[in-house]
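Letters A, B, C, D and E mark the chains as written, and numbering starts fresh at 1 in each.
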């Protein structure tokens, strides 16, 4: 996992816990029915909105985004240049036993070796790229939906608490604590949305962008390779995908 | 119906009912005029905004989305490969008596058998695909509209109750219950929006995406078939639409 | 007018009036200065934002959208097929005295009869289609603007009332009624936005979509006609614009 | 200035002033520090966000939008047809001394006279059109930013006032007036956003659309003129940009 | 740094400080735990959402946007015309030792000198342009995220304070000060969002637009240069990217 993510999670929840402990006990902020209505209600609405396997898929995509690093484009460009060099020397068929880790690149090479026409290869790879993007967007939409539903569930919980408090105002000394409990669901909804669901949704957007760049590098690269491009010229072309800084550090 | 949807509906409403019953009777949260203004007001605004048949169409599209499963793209690809194999062996005309369940595919095959030019077939299928997408978007817009109107109707109901309460503050003991009732419409609006209308709208977005993929598989497939593509190469091309996982499980 | 629209307007305002009458007199919710600031303020802001003739144009477009039905695409397709049949039999010039109600189609036919090249016809019709869409979008933007300005004017009115109430709190018995009056402008703003301006804006979006489909049917149809397409094949092509259901009912 | 704009400004501010005077003196709504924080804070945030010359440019673009009328497309079409007629009679070079007010058209004619190729002319004019659109969008973004920042500055002012009031609650009779003053900044922010910044931003959107249509008329027209199109056919083509009503009135 | 930015920062914070000092001491608005939860919570959420190097990259891009001026397009056009003049006289190879500050232009010239085909050069430059835009968009999204998270963190802090206050209402004289402190986090969140994060995000949008124009000038220019375009005609073409005013001042 990216060390920053871990720091973010620990410090985010740590600050909230610390802030609570400064003024009261933690138990004052724990309310099981409130947690149930916010967490459970958000999950329920999500299950209504999406097929179970898509929701589980979104969770696994999110875990992936946090636990597995994307290949840096810099490294991928080096690999492409190596592949191009081999192809330049031994022809496309020299790539037959090329072992590459990246499954998208492996597929591109296999198609090139099979003698499929360059435009057909580009077409198939483009479809795969767009499918990946739209699958990722589905994952993002699940977490964005949760990020907007959680505060609403918090508000629903608070409204229930407020109505019940207003109906039982005979004992004024109970108004404060009752309202405190009513507000807890709003608090849960905000914490869930802004420290959990929204950052995950944004993380997936970012991850999609990284993978799009990598796939574009591969699509551009394999097109050059099938045309027998000079590896040095290919490198020159592919570094256009990098920030000027990343190019210089190469 | 997707089992998850059922679980979502039951658990979502169950949590809210449970949360209410923990602190009061259910009847305290039932207010007929309040329900009438939120449900009725939302439906009224929707009828102003859209033709009756479109609203009913949106409801039937939504029911469809929950009750009828879309064909998995994996299965559709198998069917396309079968069709391609037959066409490869016996020529396009061998498809004349081909029975396929999917009406979009059936139309595509019929046009191919009729000898209509590939570009014309693709054009007609594209129009049909785009028409379907825009009809679905109309359905989504109906439910999105309801999802944003319901909380507003809840607020309107609460404002009516608050104004009436403020005009009759002679008996302070009545302020609490009057305000409780006023808040109920806000509660109704939020529950309707976040547990009913918004999840339905999102479900339709998702359904549209699935059908778009299926139609793209068919359009790409029939194009290959009319050109006499090798079935194995067609399969290779069509699996680009699937997630890598779904491909391996094949 | 669509009967549903009428039902929507009557039931929407009826529910609000009924809800008011259940708890107080109607006169308690009538406040002339409040109405003036919300309605007048919204209109004022709209006049600042747009030229007078555009605002009046938007109002007339909206009236049109409610009072005049768009031609159903089904009927238009039948007309196109008839026109194609005549052109097939007697040549394009046989359309010289063709009387059609739809002015866009009439223009398309006139250009075809005048011998203007198909690509030029398509170009001119596309421009007209896009101009119509962008004029409709201007109309929508006027009502969307009013839909977001009305609640703001309501809030401004409430703020004025609140400030005045807070400055004169010497007589506590006046606080309730003063606040009730202050809240009325928020109430007016919400009713105007959610039962009037927003539904109209959405209605215009929907109307634009219907007209776009009709124009696409005509553009596709006239292109086929100038090329002497077989009327049955043209019909096959044009029904792609319809929902499968609407096709079967033909 | 469009007379409607003037009416809008006068009636908008008039209604607010009238509404204030009905219940209190004007001076009760005047608070210099409050005005300073809302107006000054909004301007400060805008200066942080944009270069000074862009902000001043946006102000001058906005003044232009209110004070200078755009040429009606109807008139521009007449001019284009006149130019086409001259070019048809005397050749492109006959346009050498053509005086036209519209600088975009003047440039188009000059390029045509200079013998630059039609595709190059179209390319240069397209660039100019897109540059204008993106400069206008920058202007809009400045006012949209101010429209969303002003209410936020109003809220910041109110929060400052509320905190100070809460810290000094020893004299209950001061709570009302202190809170009234705190609310004034929220009031200022809402008036500024909804009667000043947002209408200006929308006005600029509308102005951009008008200029886009005019430029499209010129680009389409000059293309025809360089090809020696028949002026009557050109007119037929260009009226596609007008609403059917505006065409008939011609 | 743009002098306006400096004025904006000083006057923005100055107005808020002044507004505070008018009614209380500054220390009344300083609350360390509150600041920690808003600033720390926003940074934590950002670290969860993005890789550390991207966050640091966004900060450095933002610093750049404030401290380094973009080259004015006017000056860039002059440089392009000079380069074109040299190339016209001495051929493309005369550019071999051309020293230009702008690294994008330098790369374009180097590729032209290396004899890479014009379409390939345009392709590589387009990729670089799009990569820059998408990297900038990542930077913007980081600050937009912070701009929407900061007020949420403020609300979370306020909710914690409110709940604690409501649980300890035995001493009524403490309610005011406790609520004042609770509101401080909302205040911090609003100031951070509207005077810091949002203006930075908008600044980056603006910066991206400037750089896009510059890159388009270079791409269009180098294309002409490789084709041996007349420098005067090139200038005529490139000034299309400028506002009419900026052209005249040249």
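Here, a contact is a pair of C-beta atoms (placed from the backbone, for glycine too) under 8 Å apart; a residue touches a chain by one contact, two chains touch by 3 or more.
The structure presented is a predicted model; accordingly, all values stated were derived computationally and were not measured.
Its C-alpha atoms superposed on subunit D, subunit C is turned by 70 degrees; the angle is given in steps of 5. Mean C-alpha position of subunit B lies 39 Å from that of subunit E. For the pair subunit A and subunit E, the distance between C-alpha centroids works out to 24 Å. Listed for subunit C are no residues, as none touches two or more other chains. Interchain contacts close the chains into one ring where each touches exactly two others, per the touch definition above.
Every residue of subunit D that touches subunit C in the complex is listed here, in rising order: 2-5, 7-9, 11-12, 15-16, 18-20, 22-24, 28-29, 176-177, 179-180, 183-184, 186-187, 190-191, 193-195, 198-200, 202-203, 205-206, 209, 213, 216, 220, 233, 236-237, 240-244. Those residues of subunit E lying in contact with subunit A across their complex are 33, 36-37, 40-41, 43-52, 54-55, 103, 111, 116, 120, 123-125, 127-128, 131-132, 134-135, 138, 141, 145, 149, 152-153, 155-157, 159-164, 166-169.
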